[in-house]
Amino acid sequence: MINKVLVANRGEIALRVIRTCRELGIPTVAVYSTADADSMHRLLADEAVCIGPPPAVRSYLNIPAIISAAELTGADAIHPGYGFLAENARFAEICERCGIKFIGPSSEVISKMGDKAAARRIAWEAGVPITPGSEGVCSDAGEVRRVAREVGYPIVLKASAGGGGKGMRVVRSEEELEAALTAARAEAEAAFGSGAVYVERFVERLRHVEVQVLADAHGNTVAFPERDCSVQRRYQKLIEESPAPGLEPELRGRMQDAAVALAEEIGYEGAGTVEFVLADGEFYFMEMNTRLQVEHPVTEMVTGADLVAEQIRVAAGERLGEHNLEPVGHAMEFRINAEDPRRNFLPQTGPVEFYNPPGGPGVRVDSHLYTGYTITPYYDSLLAKLVVWAEDRAAVVRRSLRALEEFAFTGVETTIPLHMAILEDEEFARGGVPTGFLAARSFQSSEGRLRLSAAARAAS
Amino acid sequence: MINKVLVANRGEIALRVIRTCRELGIPTVAVYSTADADSMHRLLADEAVCIGPPPAVRSYLNIPAIISAAELTGADAIHPGYGFLAENARFAEICERCGIKFIGPSSEVISKMGDKAAARRIAWEAGVPITPGSEGVCSDAGEVRRVAREVGYPIVLKASAGGGGKGMRVVRSEEELEAALTAARAEAEAAFGSGAVYVERFVERLRHVEVQVLADAHGNTVAFPERDCSVQRRYQKLIEESPAPGLEPELRGRMQDAAVALAEEIGYEGAGTVEFVLADGEFYFMEMNTRLQVEHPVTEMVTGADLVAEQIRVAAGERLGEHNLEPVGHAMEFRINAEDPRRNFLPQTGPVEFYNPPGGPGVRVDSHLYTGYTITPYYDSLLAKLVVWAEDRAAVVRRSLRALEEFAFTGVETTIPLHMAILEDEEFARGGVPTGFLAARSFQSSEGRLRLSAAARAAS
Amino acid sequence: MSELRERTARERAGAEGDQEESLPLETVRQVVELLVESGVGEITVRRGELEVSVKAKGEAAPVVQPAFQRSEAPAAPETPDSGPEWEGLHVVRSPIVGTFYRAPAPGEEPYVEVGDRVSAGQTLCIVEAMKLMNEIPSEVAGVVREILVEDTSGVQYDQPLFVIEPEE
Amino acid sequence: MSELRERTARERAGAEGDQEESLPLETVRQVVELLVESGVGEITVRRGELEVSVKAKGEAAPVVQPAFQRSEAPAAPETPDSGPEWEGLHVVRSPIVGTFYRAPAPGEEPYVEVGDRVSAGQTLCIVEAMKLMNEIPSEVAGVVREILVEDTSGVQYDQPLFVIEPEE
């Protein structure tokens, strides 16, 4: 039983959790920084506690303040959302020690999967395909050179503590190796406090395809239809969809099986995502995210599941419910960020003068915005997630264009024009673009509208 | 082929049609009265034509203005929405004569079904069950008395040209008959220009259950899962849901078959709804609405169909697509009207100071509102339709409460508090309430919240 | 109330010496005029015991402008309410939706030209709707200053057609 | 500006006879003009008994208030920013989330009572967070005028705890 949930997050994901808790009849506690006093998550929760000043390290990353807020309000569970403390093993451990249920896997599992080199080894042990590369962290330049010769160039160096492209370097020949290793290590050290790196063969033209898993404490694990998250900008996902265009059911089944095998291998509990590289019809383990993902709604749209409700039920010790594991129709999510795509994604702050989200059939909006809300510079730039469902992918593309056109938003620039440009791109319309899709294109304005044009340099 | 659609309506339904046209790549023409210059349907359509001053008779009911607008803009089809000219056979006929495709059935079919007494006879001929009563219009008091004796009291007198409860009288004994007949005829004459009435046995405790049909010009007709629209106030629907609580699949199948039989009997084309009385496990034909209904989204939510898209495809001569005719999960629609339920549903007008619709999983909002919109006194009071889907009815009730609580709306009073009160009613929660449900209850305010209490007088 | 009246009376009595005293309404009026003319928000002037303070009317309730954008430039006809302000001039607007004709029939002379003097009730044009020719009369006598719509183009309800300078 | 001063002086001289009398409207007009030209928000000029103050019209961007309503009265702790305005007084706020204790240990005397004189740096209370006792000092010397939180209750970040009247 969970009696009261503290939501250790802000923005749309805090709202997402509050919504489901309300539907389940569980009271919620919002925590907020002084910058978020007028935020919807504060206003819609049953209780709210101010936990610190605007900088996240002093509020949303402030573990003592959050634990104190849970104790003061009698919350017996904490939902971390995504980002902030969601994959912080120490936070999960402190929750465990304080007798507060952390809604997610155990601190031990978070810790294991947080070490990307170790996770790779575990995946391999569970029989999940991995790209050729080092078995774990490489101890020195000599070992990197040896592994690189074995698997063949190009290779990619990755930070073991990393994520999001930091501490990552593509190396195309042995001459580049030394300098790239030094740079990757320094970057990893600066970003994560650990310079440990490992080696993988670099896959040139890949798609990012991931599988959502859900596991209860009674040994039941299910894997949902995959999400294709290949439309990215600098390793930041922009558009996600389910199912992945053109994926054969047989391959889907194998990916689902692999994800379940990994989750079972580590004794996973709760919602998690196994990320794969898809290249030339084969898939390889990339990493596992031990939390709810931003893009979880696309899975909800094609299966009817409520993943947050399932997270909470599983955390309360209940068994997994029945789930539809075949996609029905097609869904896409568009991340609407406070960034100006016409000015190199310059972050935007300030008041939202007018806000009116689209409605009608097949349209879901998850957002903490409202007319009059002020975007502050302290947190991430995600303003709204537009999630669109229709009976097939072509219909989703058309409906999404309609919804984006209808999305009324003034006061700040957003990524809405970029999404519309992507939807009008021919290669995107065919489906199955690689992760280099956006980098290979330049942006042009024509008749006040943003358009993509295939640039000279090839997709990488 | 349809090249351009003029939407002869306003408010949320005009927006609904514009949205689907945009998704189908068909340009739209909005028509608007001077009172609606700042309306979303005007702002979101590709073109817009001002057709008259605020009173509907001079704008949205002004046939020459609408036809002229279609001719000026080159629109080759007109979607009438619901209300206004949607069931006006003369308008459909004028469209036919002007070579403009009226998106709906032929003027002949509209005319036939508009005569309620004739429609009853046609249903009977098609083998659809009807309540015992007169075969058609009763010529005089003597005939009414004879039929009433045959079917037994109580009986109900209904206006043949009618709808919405006007010209309707329940008669419980022969003594009341004469006066009731005079009153019903006078009311019908005043409202519809025809005093013709017919007689039906009055069913005391009934549910209003209706079946959505869709037929193409090639002889294909399908019937969707039923909608239960029994939560009404003075014959105005307030909440609709699909499927009908507790309805056996076998009975659903028979109702669907009956609806298809009627549609085929009259050569129906397009979207229409066959309304039934459901009493004691049996159903009887009530009337057929030859248009899109307000509550069509609940059917869309449980089947994934886009009924407006299908209307347009069928109007363009295409064949019906594949449809899922079994309900998946459960859906409810809440009509949010500009009426104050605490003050006898006093109509509300004025500016909407703040408007923020709910979002998140399973929530669809169809509305023409925005922060700063002004509600005028000229048209109907429907402001927004909240449509909620979840895996079963209990989950829909919980999710709906969540969404209604989240619906931010200031400046005018709405029916939101009433919907919340209904959702908390025990009989409603059990499901399958009769049409007398709301009339049998009084409203009470407790802790600032509206609540229903079963009043002394019985449901009627 | 009575106390207040007494006090006022007493004060007035005390002020008797300095002429009519009471309030210098003429000065107030001048400050008000200054405020209105200048468009500033508030003026306060004090000298010794006299103080005059005038404030402009509070800003109207905040109005949020709907900001919906269509993807393409809309091909919509000119909206009826747009157009320049015609101060002191009379604007003839279309009472119906239809097609605007300047002449009774194709090839014939237009009813009026810019510069023509027209009398009240004189036909200015035809707006055709559903094959019906509706003659649109001038509501005033005056001189035609502008013809706002092209011959044979579509007009909406309330759309300005002619600008007429009325005769005094 | 110097011109203004001169003129004002002249007017004052001229106005001397009819005592305070009417107001120097010409001066006011000049101040108004200065305000409008300069685009500043407010000008106040005072010399001796004469004061002229002119404000521009409030620009205040339209502010839409979010209006979300929770179903039940929320059991939320008092929000940090609520409470009366303490003009001229010093408010000590909680730097952390935790439990407020007025005394060093249960059963002991409170650190301070209303009316006590406190010095800067003197401990006023403890806020406990995660078993750590955080002593909260007064930032100013003065007299404790109000204790805003009940002993052993929860406090949020930035929540006002004490009102202190600083010593001059």
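In order of appearance the chains are A, B, C and D, and numbering begins at 1 in each one.
Going forward, contacts are C-beta pairs under 8 Å (C-beta built on N, C-alpha and C of every residue); 3 or more make two chains touch, one makes a residue touch a chain.
Each chain and its UniProt protein: A, B = Biotin carboxylase.
This is a predicted model, so every value here is computed, not measured.
**Q** Spelling it out: a chain qualifies if it touches chain A and also touches chain C; which chains qualify?
**A** Touches both chain A and chain C: B, D.
**Q** By mean C-alpha coordinates, which chain is most distant from chain D?
**A** B
**Q** With chain centres defined as C-alpha means, what is the inter-centre distance between chain A and chain D in Å?
**A** Once rounded, the distance between the two centres reads 44 Å.
**Q** Measuring from the mean C-alpha position of chain B to the mean C-alpha position of chain D, what distance in angstrom results?
**A** Computed value for the inter-centroid distance: 58 Å.
**Q** Among the residues of chain D, which ones contact at least 2 other chains?
**A** Residues 61, 63-66, 68, 70, 72.
**Q** Can you list the chain B residues in contact with two or more other chains?
**A** Those would be 44, 354, 356, 370-372, 401, 405-406, 408.
**Q** Can you list the residues on chain D that touch chain C in the complex?
**A** Those in contact with chain C are residues 19-20, 22-25, 28-29, 32-33, 35-36, 49-58, 60-64.
**Q** In the complex of these two chains, what residues of chain C are touching chain B?
**A** Listed in rising order, the residues are 61, 63-66, 68, 70, 72, 74-77, 79-81, 96-99, 129-130, 132, 154, 156-159.
**Q** How about chain C: which of its residues touch chain D in the complex?
**A** Touch list, chain C to chain D: 18, 24, 27, 30-31, 34, 38-50, 52, 56, 58-59, 62-64.
**Q** Could you pull out which chain B residues touch chain C in their complex?
**A** That would be residues 34, 37-38, 40, 43-53, 59, 64-65, 67-69, 72-73, 351, 370-373 of chain B.
**Q** Where on chain A does chain B make contact in their complex?
**A** Touching chain B: residues 15-16, 19-20, 22-25, 44, 297, 300, 304, 306, 328-329, 354-357, 359-367, 370-372, 390-391, 395, 398-399, 401-402, 405-406, 408 of chain A.
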